[in-house]
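In the part that follows, the structures are each spelled out as structure tokens.
What follows is a pair of complexes built around chain A, which joins chain B in one and chain C in the other.
Now for the complex of A and B:
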């Protein structure tokens, strides 16, 4: 990691530590949910940003993680054990889903994940053991090493530590040979297969890992919200992290995180001033997708591109990869577009 | 080796139909280990289909494919790579959003079987030297940081060959390696393949339209016409055959 990156992380760590004093405990619930959204959106971006795997059913694994913690919290399981179980259950359910969707890609895959998640939502709503329509109330994190999580600041630190662990895991995955291969698969799955890569298996592993991350986020949400309901598995819960990663920029590791904080803050604000907040979110998303297809994190690159009249267009700056949601939804390419006979100018070459 | 050298690739009685059209009709092909073998024929003769059948892109409707003595007919493409088949496409296919270096890295980690490792970055670090070597070997070292989409067609093809070579194949399939290249690039590629072959003794199976390339490289030729094997033999002999002259002259006249 670069020195600047480390400095940024240090600033972030300090902010996290002093945040309860800065913000006051009344506002901490909002920041808890924002931190959880950061982790959830980052996990979903392993699919969209790295693998080009368009899942519209990640709420299933988020919800399953939340219910896992809700059930074992009733038996006073210690927090780390409960959260590890949420990770495992999220991963197992995701793996099962990846087996069902094994042969599908693109839009068919997206619809299948959506259908599976909605089926689980309906199932959870009907099962009395899981509280049915009303869900499971009264969840709390039991004290750990004398730390009491009824204290809002302590709950914030609990969330912060586990979100940080989750982000670290996804950072590691992105910078691993597997992450590199996933990038290759996104760009040309057939080409990757002719390097000896079992594309379906790699997609299944990515799906499982993303499910683990969603399970952890859901588990944290259960402790934070103190009640879980079937709404956690509803399809809108799958859409939210996708909006976040589009907003922040899915080609960046921190894109979904930035998008998560922005969208959470915006929803929180709009909720106070208007009832038609979805309208404004829609307008915002439209504007970002049209003007900044690589998300708000691409603003510096876009600005630089405009300054240098970069013919490569917005988001083409530097070594940044360009791809959009539509790529993942397109069916498997049989043949790629023919290569241009005249080579495109590189970014560097067109910069005076 | 005391056992007789197995054939690098053997295609037995392969039939492949697409929607009623017979692309390959009872095709036989045997390439001994270490040979540079060219498959030629007019457009639509079935050359690309034959390559697809060998590489695992198409399953034959009948017949079998053997690589280094192993029956690979029912193997998927990625398992055939592990069995020793590497290929370059007619229109070079590389990962266009990656740099040249990253493209070769993807091939190296796949070859090392570290590509499945998601918990550590060691595999990427261990790939650095092999990647540098491969780029050096293919004359791509200067383009290391270039985005693959910004490469010329010739460089793109060389990148693809570099990616195929790091897989350490027993059989290298080159589908029209010089298509879309300038005369200079073509000459360089011919030189490259020849040099590669002299150094590694790799078995190469190629298709090519450019007869100069074919006669400059191939030790044996197989002529395909409308899905049939017309003949196989030494370039000098094949060139003089009347039926070969006829399909080529007939096609161009």
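Now for the complex of A and C:
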């Protein structure tokens, strides 16, 4: 990691520590959920951004993790054990799902994951042991080493630590040979297969790892929200992290995190001013897809591209523009420049 | 008997929604999440035209067709404004684009009609039930079944017997080649989309009296339609008819004999079919993405 990156992380860490004092405990619940959304969206981005795996059923693993923690919290399991179990259960369910979807890709895969997740939702809604339609209320994190998690600030630190651990894991995965191979598979599955990569197995492993991350996020959500309901598994919940990672930019590691904070804040705001936030979220999603397909983190690169075009005068500099954008994407040394998801994004981004 | 009638009716409603979805998917290769949104728009537009009152049958049918046509116009506009731009994007982005449209339609309905449920009564003459073999069957079901059968027949004729149908099949098979051979692909796309959305609107308008309308029906109905499309085979209208009827019948059969399983009928049927035929009942492997 670069020195600038490390400095940024240090600032972030200090912010996390002082945050409860800065904003007061009344607002902490919002920031808890935003932090959890950061982890969830980052886990989903292993599929979309790295592997090009369009899963529309990630809420299932999120919900499964949440229910796992809800169940064992009743038996006063210590927090780390409960969360590790949530990770494992999320991973196992995701792995089972990946076996069912083994042979499908693209749209068929998207539809199948959606259907499987929805089947789990229906199942959870019916099982009395899981509280049925009403879900499981009254979840709390038992004290650990004398730290009481009824305290909002302590709960925030608990979330921060586990979200940080999750992010670190996904950072490592993205930079590992495994992550690079996933990138190769996204860019050209056929070529990757010719080079001897077992494409289906790699996709299944990525799917399982993303399921683990979703399970952890769901587990943290159970502690934070204190009640878990089948709504966490509903299919529209699977779409939320996807909107987040698009908003932030799926080619960047921090894209989903930025998108998660932005969308959480926006939802929080819209909730206060309108009864119909869906309408505005839909408009936002369309605008991002059509005007800024690389997300808000690509704004500097796109702006740079625009500047170059203007200097070259109208009609000129098309090639240079694209070149600049590629440079902008690879701004972080050592990070392999991810291929733009959409060919020639600047063309659309710069059209008024 | 009542089981049969309910199953048939439910199946026909799902078929109306799924046929439009599978048509758009087969020809344009776009999974259209917003289809459920247009279903809802059709239901609300019919409600607006009928003013929530009991109407004579002829007026009811006429206004339902008008509402479906109006829905198709909204669809056509969105095809021009939005879908044209989505074709160029990768599959996943176009999927999310249609999801965005679903959110906009649902949110728009919330803004216009609010969250409180509204109801549309059946047309006069079809309000009550009639008795067949000791079972009470709602008369309105007849209208739905007739509409479903008519739609299936008209679609079949349209696709197999007309010039438009041949062009549509050609574009679905290979849009590039069809374009080279002089088919106006853009026009076929627009017409297909309008037809698909008309069917969605018709399904919604017809379903109106059977449910209490909330904007949320946009997301609940689309999943059944998706399942039917998967079971029947991507792009196959005959397949979706069979799948929709099978789903309706299985659901109503389970609802009477094993209620706890009824909500799973969708997944039971899907699992059973996909294990034997991954491409769906009447689907081709080409669209499944069976290659890597």
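Some observations on this one:
The working rule: the second predicted complex is superposed on the first by the 309 of 352 C-alpha atoms of A that agree within 3 Å, B and C clash if a C-alpha of one lies under 4 Å from a C-alpha of the other, contacts with A are read in each partner's own complex, and residues count from 1 in each chain.
Assume a contact is a pair of C-beta atoms (placed from the backbone, for glycine too) under 8 Å apart; a residue touches a chain by one contact, two chains touch by 3 or more.
Here the structure is a predicted model, which is why all the values come from computation and not from measurement.
Contact with neither chain B nor chain C is seen for A:85 once the two complexes are overlaid on the shared chain. In the overlay built on the shared chain, the residue A:172 is in contact with chain B alone; chain C does not reach it. In the superposed model, A:209 makes contact with chain B only, not with chain C. In the superposition on chain A, contact of A:281 is made with chain C only, not with chain B. In the superposed model, A:184 lies in contact with chain B only, and not with chain C. Contacts of A:236 after superposition: chain C is touched, whereas chain B is not reached.
By the document's definition of touching, both partners, chain B and chain C, reach A:193.
On chain A, the surface touched by chain B in one complex and the surface touched by chain C in the other have residues 190, 193, 199, 341 in common. Note for the complex: chain A touches chain B at residues 172-173, 175-181, 183-184, 187-188, 190-199, 202, 205, 209, 319, 321-323, 335-336, 338-339, 341, 343-347.
The part of chain C that touches chain A in the complex is made up of residues 31, 82, 85, 89-93, 95-97, 99-108, 110-111, 114-115, 219, 223, 226-227, 229-230, 234, 260, 263-264, 266-267, 270, 278, 287-292. Of all residues in chain A, those touching chain C in their complex are 48, 52, 54, 103-112, 114-115, 118-119, 122-123, 125-126, 189-190, 193, 199-200, 235-236, 239, 242-243, 246, 275-283, 285-286, 289-290, 293, 341-342. By the touch criterion stated above, chain B contacts chain A in their complex at residues 55, 57, 76-79, 81-82, 86-87, 89, 91-99, 102-103, 105-107, 109-111, 114-121, 123-124, 127, 145-147, 149-153, 156, 163, 167, 180.
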